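Going by the order they are written in, the chains are A, B and C; count residues from 1 in each one.
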Amino acid sequence: MKKTLPKYYPLIPVFAAYLIMFLIGFFVPGMWQMVALLAFYCALGQSWNIFMGMTGYVDFGYVTFIALGTYGMSLGITYCSQYEWLGIGIIVIGFILAMFLASLSALLEAFIALRLRGAYFAIACIGINEGLRYFIEGAKIWGGSEGLIYFGALVQALGRDTVNQLTSFWADFSVFIIAALAAFLNMHYMRSKIGYALTAVREDEDAAKVMGINANKYKTIAFLTSGWLGAGVGAMAWGLKLGYVYPGDVFVIHYTVECIVVVLLGGAGTLLGPVVGGLIYGLSKYWLAVIMPGFQLLIFAPIIIIIIVAAPEGVVGLLKRRLKGTRLEMFIE
Amino acid sequence: MALLKLENITKRFGGLVAVDKVSLEINEGELIGIVGPNGSGKTTLFNVISGVYTPEEGKVIFDGKDITRLPAYKRAPLGLGRTFQIPRPFSSASVRENVAIGAMFGTLADKVTVDDSLEIADRYIDLVGLEAHRDKASGDLTPVEKKLMEIARALAMRPKLLLMDEAMAGMNPKDIDDMVKFIKRIKEEEKIAIISMVEHIMRAVVGLAERVMVMNQGAKLVDAKTEEALADPRVIEVYLGQPTEQSKWRSEVWKEGKGEDE
Amino acid sequence: MKIFVRGGDFIYKGNTQETLSESLSEVFSNRVKEEKMILTLLAGNLIHGLLLGGVYGLATMGLSLIFGVINVVNVGHGQFIMVGAFVALTMFTVLGLSPVIAIPAALIIGMALGFFFFYTVMRRLIRAPELTSLLATFAMGILLEEIAKLIFGADFRGYYWAVGKITLPITTIPMSKLYAFIGSIAIALFLYLWFSKTRIGTAIRSVMEDSEGARVCGVNVSWIHALSFAIGIGLTVMSGVLLTMFIPVGINPYMGGGYTLKAFVIAVLGGLTSPYGAFFAGLIFGLIENGAYTLFALIPGVAPFPLTVSLAFWMLFFLLLVKPTGLLGK
């Protein structure tokens, strides 16, 4: 035990950041919504980064998981709210459905797309996302393009007070939990066999196979984990909090790009990166929405390009290089 | 019973027959050299044994088990370790992590924890003499160090059979002699069988293996005691052919041991 | 916007394009029951599909060319098509110039954009990890969208180039569509000849095959990279002009995303690195799209338009599943 403890040191700054954010949101009046938004970006970045950081694959269709998580929660509430005895259990059912849908699509994608590399993987993932969206609209399943609106049903099933509490506090709080869980899993994977296996696969897949590594198994583990966490965020931050879902709102590649920007700002493949990136991105987006509403993207697009060209390591990447050889090194990963 | 038995292995790439009905048996603890000129099918044969390719015909039987159609990652834990002709380290990982990866996934015992395998790694790093570079990124090693690291990584898998692909290519005569001694030593200490593939460094073959299989154009030419095999006129012809200007030049290169396969 | 289909109306409110022509929806507004009518309809729609497919093919050639030469998938591809559409719209409605003149203008604007983005951004990313080039091209796309929104607003717009129509027994074809098709073929053919007959075309092909080999042979590889990127973007913007003949009310800053995805499907269908493969794949895609639309419209209780769009991606999926290694070019 003594030997394994220092391994988790890099989690300390991450958890500290989340705790401070939570405390600010909880005790400073009027801050909760902003802190929740920041947690949302941190959680998404952290979840996306698990798969990207460990395998080197760029999942452009990541929003599929968030969307399916939202749909899982929506379906759970829509179809189970009529059974009064379930009570708060409908949220649990919704969450389980979210995980189930995310697993299903992750396994399908893993089967097809993880055999591909680079550009083909990116194209396949975007394709899956769009295919699903238009299939839901075209085949008119789950409400088709009109979506599902179930806020009323939720209020009827659980009462206005409970729903208020759920949507204004617990939904956001669970995003914090998911963000922390994502960081922990990322760290844990990096320090376990999975991390070693994926390092080998990332560097040289064929050599890794000859070393006895089942490449697809480990890639799928990372992919599934990443997908579950994304679906969790979707289920809570969108599904539960908003009370409605439209396919045209959730299967939107821009959200994947937001995840990527968060990660890239902070430092791709690092543990602290998504936290730093989430804070920078969330705060600047919030601020830009106040001072120049409607022009956020016009400002962000060139910023993304500049970061890619000028500082591809991100903030944490630069910090890591600075701290190399100092005692603080072991806290930054 | 033979540890590894190849029965009439044939592997084709389109119209090209890379390996043509090759049969071979290796006993436990045996050290055998596979010799042959560039393009004679040695590497393909290695890839068939380690599972990178599936042969069109024939069987690979390892330790009494037919592994012809087993994927590579399932073969390694049965006791098949290998090194590569051009070293393939997991560059961003340290030497210690590289070797630990071998220890972690290369055995059937699934209770090998990360900490265990790091300890095992240290042992084999000491064995190959890379202790000074333990925490260096493996991509930053010199070519010879990379070869040693690959050997440590393969040994950490605790194989019954080690496939060494051109362990001595690109080395100077002194390093070759050291490597030959080293290979013999690990064979004794680890009690494993070794197949060592050598393209053209006769100095290495003579010192190294009791037995040699000579390949030419995908087929087995000779399988005999080393001295006999190298004295065989067919082998001499394969290597020297008709003495043209080019072959003279090539034999010079061989002597200097600077030739590279492919 | 509303598209009337088979009596029931389907409200489409995405930000994507609406490629199927007005005439199509007119036909659908009459309920189709008889088999003969269905076949006539199908044949008619396939003709429209072929015409649109030519433009699709041209629109994808640029994507394939850029991937083939600098190994970057342009995720902002569709946004350059959007630029072309706005070039045509502006020249037609503001300057009163016909789309024929808009084509060379689009080429010049497209190549200028291509050189600009190459020298400011792409040049530094050719050897970088994929993450960066994918994201950079995506960001370029967003930038173009937002600039277009700033200038033109977010409404759907369109124009109609009235140059007559041909009436066939099975369908009516506006001449503008026919001209667009002929234009696509002419440009593709010109490109083919230019590639195979000129010095610089040969140089581009040699860089596609093996950039190191080409460098050794004295080809200025970095200039070829820049030129190919610019030509690729130029082609794409030109195809945007031709596309406007098919989308009378579909011009919008956010129309590009859908075309990016269609271009991916077509490019994969055509082999990804081959511009000519892409052209023929475009024709096939146009036929499949319109054919499938016609058939989906006969199924009660579904929305045929989004279902057709999703079909494209199932096709992509199937292709990647059946031939993943072949598509990697090995």
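Here is the rule we go by: contacts are C-beta pairs under 8 Å (C-beta built on N, C-alpha and C of every residue); 3 or more make two chains touch, one makes a residue touch a chain.
The shown structure was predicted, so the numbers you read here are calculated from the model rather than taken from an experiment.
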Study note, to complete from the structure: Using only protein Cα atoms, the chain sitting most centrally is A
Practice item. Would you identify the chain whose Cα-based centre sits farthest away from the centre of subunit A? Key: B
Revision key, fill the gap. Cα centroid separation, subunit A vs subunit B, in Å, comes to 45
Check your understanding: What whole-Å value do you get for the distance between subunit B and subunit C if each is reduced to the mean of its CA atoms?
Key -> 52
Point to revise | For subunit A paired with subunit C, centre-to-centre distance based on mean C-alpha positions, whole Å | key: 32
Practice item. Could you please specify the touching residues of subunit A with respect to subunit C in the complex? Key: 52, 56, 58, 60, 112-113, 115-120, 122-124, 126-128, 130-135, 137-140, 144-145, 248, 253-254, 257, 260-261, 264, 268, 295, 297-298, 300-302, 304-305, 308-309, 312
Review point. Subunit A touches which residues of subunit B in the complex?
Key: 50-52, 71-77, 82, 84, 88-93, 97, 100-102, 104-107, 114-115, 153, 157
Exercise for review: Please give the residue numbers of subunit C that touch subunit A in the complex, ascending.
Suggested key: 10-15, 67, 73, 75, 121, 124-125, 128-132, 134-136, 138-140, 142-143, 145-147, 149-150, 257, 261, 264-265, 268, 272, 296, 301-310, 312-314, 316-317, 320-321, 324, 327-328
Point to revise | Of subunit A, residues touching subunit B in the complex | key: 3-4, 191-193, 196-197, 199-200, 202-204, 206-215
